[in-house]
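Labels for the chains are A, B, C, D, E, F, G, H, I and J, by order of writing; each one numbers its residues from 1.
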Amino acid sequence: MNKVEMTEAIVVAKAAKGVQWQEIAAVIGRSDVWTTSACLGQNTMSAEEAQQVCDFLGLGPEVVTALQVFPTKGFGPTIPTDPLLYRFFEICFVYGPTIKEIINEKVGDGIMSAIDFTMDIDKVEDPKGDRVKIVMNGKFLGYKKW
Amino acid sequence: MNKVEMTEAIVVAKAAKGVQWQEIAAVIGRSDVWTTSACLGQNTMSAEEAQQVCDFLGLGPEVVTALQVFPTKGFGPTIPTDPLLYRFFEICFVYGPTIKEIINEKVGDGIMSAIDFTMDIDKVEDPKGDRVKIVMNGKFLGYKKW
Amino acid sequence: MNKVEMTEAIVVAKAAKGVQWQEIAAVIGRSDVWTTSACLGQNTMSAEEAQQVCDFLGLGPEVVTALQVFPTKGFGPTIPTDPLLYRFFEICFVYGPTIKEIINEKVGDGIMSAIDFTMDIDKVEDPKGDRVKIVMNGKFLGYKKW
Amino acid sequence: MNKVEMTEAIVVAKAAKGVQWQEIAAVIGRSDVWTTSACLGQNTMSAEEAQQVCDFLGLGPEVVTALQVFPTKGFGPTIPTDPLLYRFFEICFVYGPTIKEIINEKVGDGIMSAIDFTMDIDKVEDPKGDRVKIVMNGKFLGYKKW
Amino acid sequence: MNKVEMTEAIVVAKAAKGVQWQEIAAVIGRSDVWTTSACLGQNTMSAEEAQQVCDFLGLGPEVVTALQVFPTKGFGPTIPTDPLLYRFFEICFVYGPTIKEIINEKVGDGIMSAIDFTMDIDKVEDPKGDRVKIVMNGKFLGYKKW
Amino acid sequence: MNKVEMTEAIVVAKAAKGVQWQEIAAVIGRSDVWTTSACLGQNTMSAEEAQQVCDFLGLGPEVVTALQVFPTKGFGPTIPTDPLLYRFFEICFVYGPTIKEIINEKVGDGIMSAIDFTMDIDKVEDPKGDRVKIVMNGKFLGYKKW
Amino acid sequence: MNKVEMTEAIVVAKAAKGVQWQEIAAVIGRSDVWTTSACLGQNTMSAEEAQQVCDFLGLGPEVVTALQVFPTKGFGPTIPTDPLLYRFFEICFVYGPTIKEIINEKVGDGIMSAIDFTMDIDKVEDPKGDRVKIVMNGKFLGYKKW
Amino acid sequence: MNKVEMTEAIVVAKAAKGVQWQEIAAVIGRSDVWTTSACLGQNTMSAEEAQQVCDFLGLGPEVVTALQVFPTKGFGPTIPTDPLLYRFFEICFVYGPTIKEIINEKVGDGIMSAIDFTMDIDKVEDPKGDRVKIVMNGKFLGYKKW
Amino acid sequence: MNKVEMTEAIVVAKAAKGVQWQEIAAVIGRSDVWTTSACLGQNTMSAEEAQQVCDFLGLGPEVVTALQVFPTKGFGPTIPTDPLLYRFFEICFVYGPTIKEIINEKVGDGIMSAIDFTMDIDKVEDPKGDRVKIVMNGKFLGYKKW
Amino acid sequence: MNKVEMTEAIVVAKAAKGVQWQEIAAVIGRSDVWTTSACLGQNTMSAEEAQQVCDFLGLGPEVVTALQVFPTKGFGPTIPTDPLLYRFFEICFVYGPTIKEIINEKVGDGIMSAIDFTMDIDKVEDPKGDRVKIVMNGKFLGYKKW
């Protein structure tokens, strides 16, 4: 069972059971973002986590195994047209050089890691219209000299 | 004076005066991220803000005018190779579908606006290695039916 | 049942029944454009709307469910060669900067939303040759400062 | 003087005089959209129109000539990152197949011309937030058989 | 039955019967070029034409229906490597600006329609080596002012 | 003097003299299409032809030389957005496979040469709207076996 | 049976019989390069050649027919990553302008045909390491004037 | 002086002196193909070769130096539209898999080197039309195992 | 059995047996990197090596045969989004010109072969965080003159 | 002075002084690879390092400043045609999945950092032909869970 089939099996089981990602996340004590990313085939669960998720959703050993496989990550270098996805690329295009200036100035020559990295996504209620708040937190890695 | 020349003039004046983006931002009472984005030609200052920045940096009326021009935004659809910039595209490729799942489930069918949008970037000191924290906050816009 | 299979089922049922999009739209009290876009897998119906459409077309519960799934929208970043579709990209290439000048001047620095957005398409009879009239109406979103 | 230099000369003169596109359009009795597109180098003025615009803006014979040259149109096949411009490509990607279905069903197998074509852009005031309204009107051309 | 399956059915039936495109064209009183383009899924036959072609080739009602569907046209924006097909793109690259100069000068600012358009293709016998002659005839559409 | 500078010099001289491409062509006894293509830097004149054209337009020896240089041909593999140019690519995309079928069936397995090739472009007056007629004539080259 | 299936059938039969391309070529009295290109679906055999090849390899009438179909040639415009294939593109990139200079100077303004064209490929034994020798021979076609 | 300026200087001097590439090649005892490639900035001359070429063409020490610089080779990954250049890419697309089959079968798993490589280009007179003959000769490199 | 199916069969058998790549490599006395590359379809085993690997993993004669087929190598020219894979492209983009300078200066004008080439990959334990060490070793090939 | 001008100034001064990269590296006690990368504008020197390099090469304060600016890194996402540079992309395409398998198996789910990273490049003399040895050493970063 590959990662695509695994994701389909999980999404169907999740819909059948009528649960949300954060309920699945609670089963293994992880955040909803990380748990979703692993179920979508972008991160790797431990054997115990995989078993707990599959027990909760009523899925078999093939899914347990597939959740532990190291994935090939990312959906290819094409910029997507889905408006929700595209807005994040737009933020990169419009604010990318600003982010670089600010990180360089505040921390130095290096990068924010996308591996030693966490992300949280929340709804912020607002009488003028609800908002979405995303917090990214990555380790700063300075360029090594040798 | 176009936006590219404007940015060069500001960067030179900033270096000569030896100030940081947040000092410039303090002059106009805005965040460092937004102020930097306007100085890099991606956002538009009011006449008063533009005048204050130029008074502070010792720049002439051409720069004051250029800061008020509505820009054509974004650096083109090519994915950059600079490692700091690329990591944000990598986050989009690896976590994009996860972000979509979470926003859809928590808020509904729609997008997080990249226009009615704010961003903060901070250094987080950590004994295991400093970290970078980025907070994005955008209005949720639901798809209209008609 | 995914969105592609859903669309095929609807198109076949529509042809079999010999109805037009606006007749389907009338069943749910929506415009023909929005109704078509939902049937083509680009917008999301409520449970009630989905049920009414499927009752009208004689389609089963799988289609009712599929019409309510939040879609991944847009047909990819490739510019199509179909002449009818291409003409709209041509309008963007030829008149895009003009549209930007006019909106900026009349309303300010911001965008016309493609989410809080409606569109109508009509035939205009004309003795010199019929014409097509398209009306787009989107919320103006001004760039936020912070 | 090529079209790029012509546009720069017009934009500078327009700013110096402090007029809007619709005031320039009124001088020649054309719409603001068409007049702007000609000044941006995408359409062709008659000798009389070109002379009137240049008299109004105080521009010399080089601009008068340049406004009458048949342009090479469109800004290339790259999809732009400017958010205002991009939203129109997004509309094409999300609603393109819907537009095709509706035009085919209402008028037949053919296209809406982008040449025998007019467009109007207006601000629509709205207490919940102003809106932008765009009306496109193009001749229907049916595919010829032979 | 989609357009690809329709084309395969026609090509097989044509080979089995051992006829040429112009014999099929003669059945409906159309040119061989147009008839071929419709059989390849790029143009639309009337119900009568579709029936006559299918009667002639011994094809069933599914093909009759498929020939009447409005197609999504063109084989995508990739430039093909087949030498016969590529030569026509080469003509566009080498002679495109020349064609524009000549049409602009002889007829004015506008285009040659590819919709209200006919094409004929013939073999021209020549003792120094046979030649191919292609005649394109499209309506001139002048850019509209408004 | 390179080909781009050569073309600019010719176009300026042509406008100053107020002549059309076919008048320049008549000077050397060639067609207007071929003469224009050579002046746009896509074909090569003989020394005599180059001298005659330059004498007629009052251009100096640098242009005479440049017209005789073997050019690097074609404007690159990008598909242009100018509507007049694009229509010819559209014809290739929509009718390309049809052209291949017809040439293969009428002449055999091979190509129509774009080198041993001529083209004529004419305005055809028509009370329902003028038309453009383009005739292409290229040598058939059959694939060699060995 | 399409060309891809035809090639697979031939390759399997060739391996089963344990013969080399030049043995197949000898059956029809053609070169190994041309024979291989036809078996890979890039050239067209006569009915007699196709029959002889299939008799030799023990293949049925479907393959005989498929070998006679006029192919759509070339494997698309993407530059391949296989090192053996890539080296030939590298030769084009590094030596292309040199080839153009030499052909233009020695023969004139025109091209080497890739249609009226033969190629031979041989191993050249060499004590310092064997070499590969490729001979291309194509008709020179001069650009036609008209 | 960079490689582009070097090439321009050589081409001008060559035209002024009225010599051909093979005459320049004779001065240094190299082939015309290699000598041309070095003058076009794709290969590197020794100090002695560079001096001899510049003495012959009357060029100064800047060109002598530039001819000895190790170049960055190849004109980028874009497939050119010049017909002479394109035909070689067409040969790669149409005959590439055939070349791979033949080299693999005759010599083994490996490549023909494009570095330890020579090429000769000659005109072959033929009463039915002159031909171009190109001979490539590259070292076979077998894939190493370890 | 093609190379993709072969790889799947090997990966499943390897997981079932619970062995690592270096255990498979030890069976044939090759490095783990080369053995893995052959099992992933990028290099070619001898008949003996293929038999030993398949005996060890309990795989049948189809896999033995497939391991000996000369592969078409490389996964296409698209730059991958998987972070582990991408980092190596990033090294090429950031350090490529540096590598060229150093090799040219230390060894001369030529390349490091990727064919007569070996690579080793090892984990280096480090108290501050483990590291990965990759050693590439390729034959230097100097550009040939002729 | 930007990074491109800085590199040109350094390369000219280096050639005038007749020194090699490793002599420059020795001045600051760094490796030749890192020193070269900083001089090519891909890494950042400290004030002291920049001063020492410029004292050694006789360069002024503009270069000292430019060497300390944080660069935008990498030469864009286009795959280069220079054969030396291309071979490293070929290694990525051919051995990329193998590298991923080996690192995943030996170290776990994560990446080799290209930031906390060193590289050494050496010539290895060999009687059968000299070789190039490249050693890459990067920190392993495991994917974080949260």
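By our rule, a contact is a pair of C-beta atoms (placed from the backbone, for glycine too) under 8 Å apart; a residue touches a chain by one contact, two chains touch by 3 or more.
Please read these numbers as outputs of a predicted model, since none were measured by experiment.
Chemist: From chain C, how many touching-chain steps at minimum until you land on chain J?
Modeler: Minimum step count, chain C to chain J: 2.
Chemist: For the interfaces G-J and I-J, which has the higher count of C-beta pairs in contact?
Modeler: I-J
Chemist: Matching over half of the contact pairs by residue number, can you pick out the copy of the A-J interface from H-J, B-C or C-E?
Modeler: B-C
Chemist: List the centre-to-centre spacing of chain C and chain D in whole Å, with centres computed as mean CA coordinates.
Modeler: 23
Chemist: What whole-Å value do you get for the distance between chain C and chain F if each is reduced to the mean of its CA atoms?
Modeler: Those two chain centres are 42 Å apart.
Chemist: Let me have the rounded angstrom distance from the C-alpha centre of chain D over to the C-alpha centre of chain H, please.
Modeler: Averaging C-alpha atoms per chain gives centres 49 Å apart.
Chemist: By residue number and range, which residues of chain C touch two or more other chains?
Modeler: Within chain C, residues 33, 72-77, 79-83, 85, 90, 93-94, 100, 104, 110-111, 113-115, 117, 141 contact more than one other chain.
Chemist: Which of the chains are touching one another, listed as pairs?
Modeler: Here the touching chain pairs work out to A-B, A-C, A-D, A-I, A-J, B-C, B-D, B-I, B-J, C-D, C-E, C-F, D-E, D-F, E-F, E-G, E-H, F-G, F-H, G-H, G-I, G-J, H-I, H-J, I-J.
Chemist: Okay, in this complex, where on chain A does chain I touch?
Modeler: On the chain A side, the touching residues are 72-77, 114-115.
Chemist: Write out the stretch or stretches of chain H touching chain G in their complex.
Modeler: The contact residues of chain H facing chain G are 20-21, 32-33, 36-37, 40, 42, 73-77, 79-80, 82-85, 87-107, 110-114, 117, 119, 121-124, 126, 129-141.
Chemist: Would you mind writing out the residues of chain C in touch with chain B in their complex?
Modeler: 30-31, 33-34, 43-44, 70, 72, 100, 104, 109-111, 113, 115-118, 141-146
Chemist: Under the definition above, what is the set of chain F residues touching chain D in their complex?
Modeler: So the residues of chain F touching chain D come out as 78-83, 85.
Chemist: In their complex, what parts of chain J are in touch with chain G?
Modeler: Counting only chain J, the residues touching chain G are 81, 83, 86, 90, 93-94.
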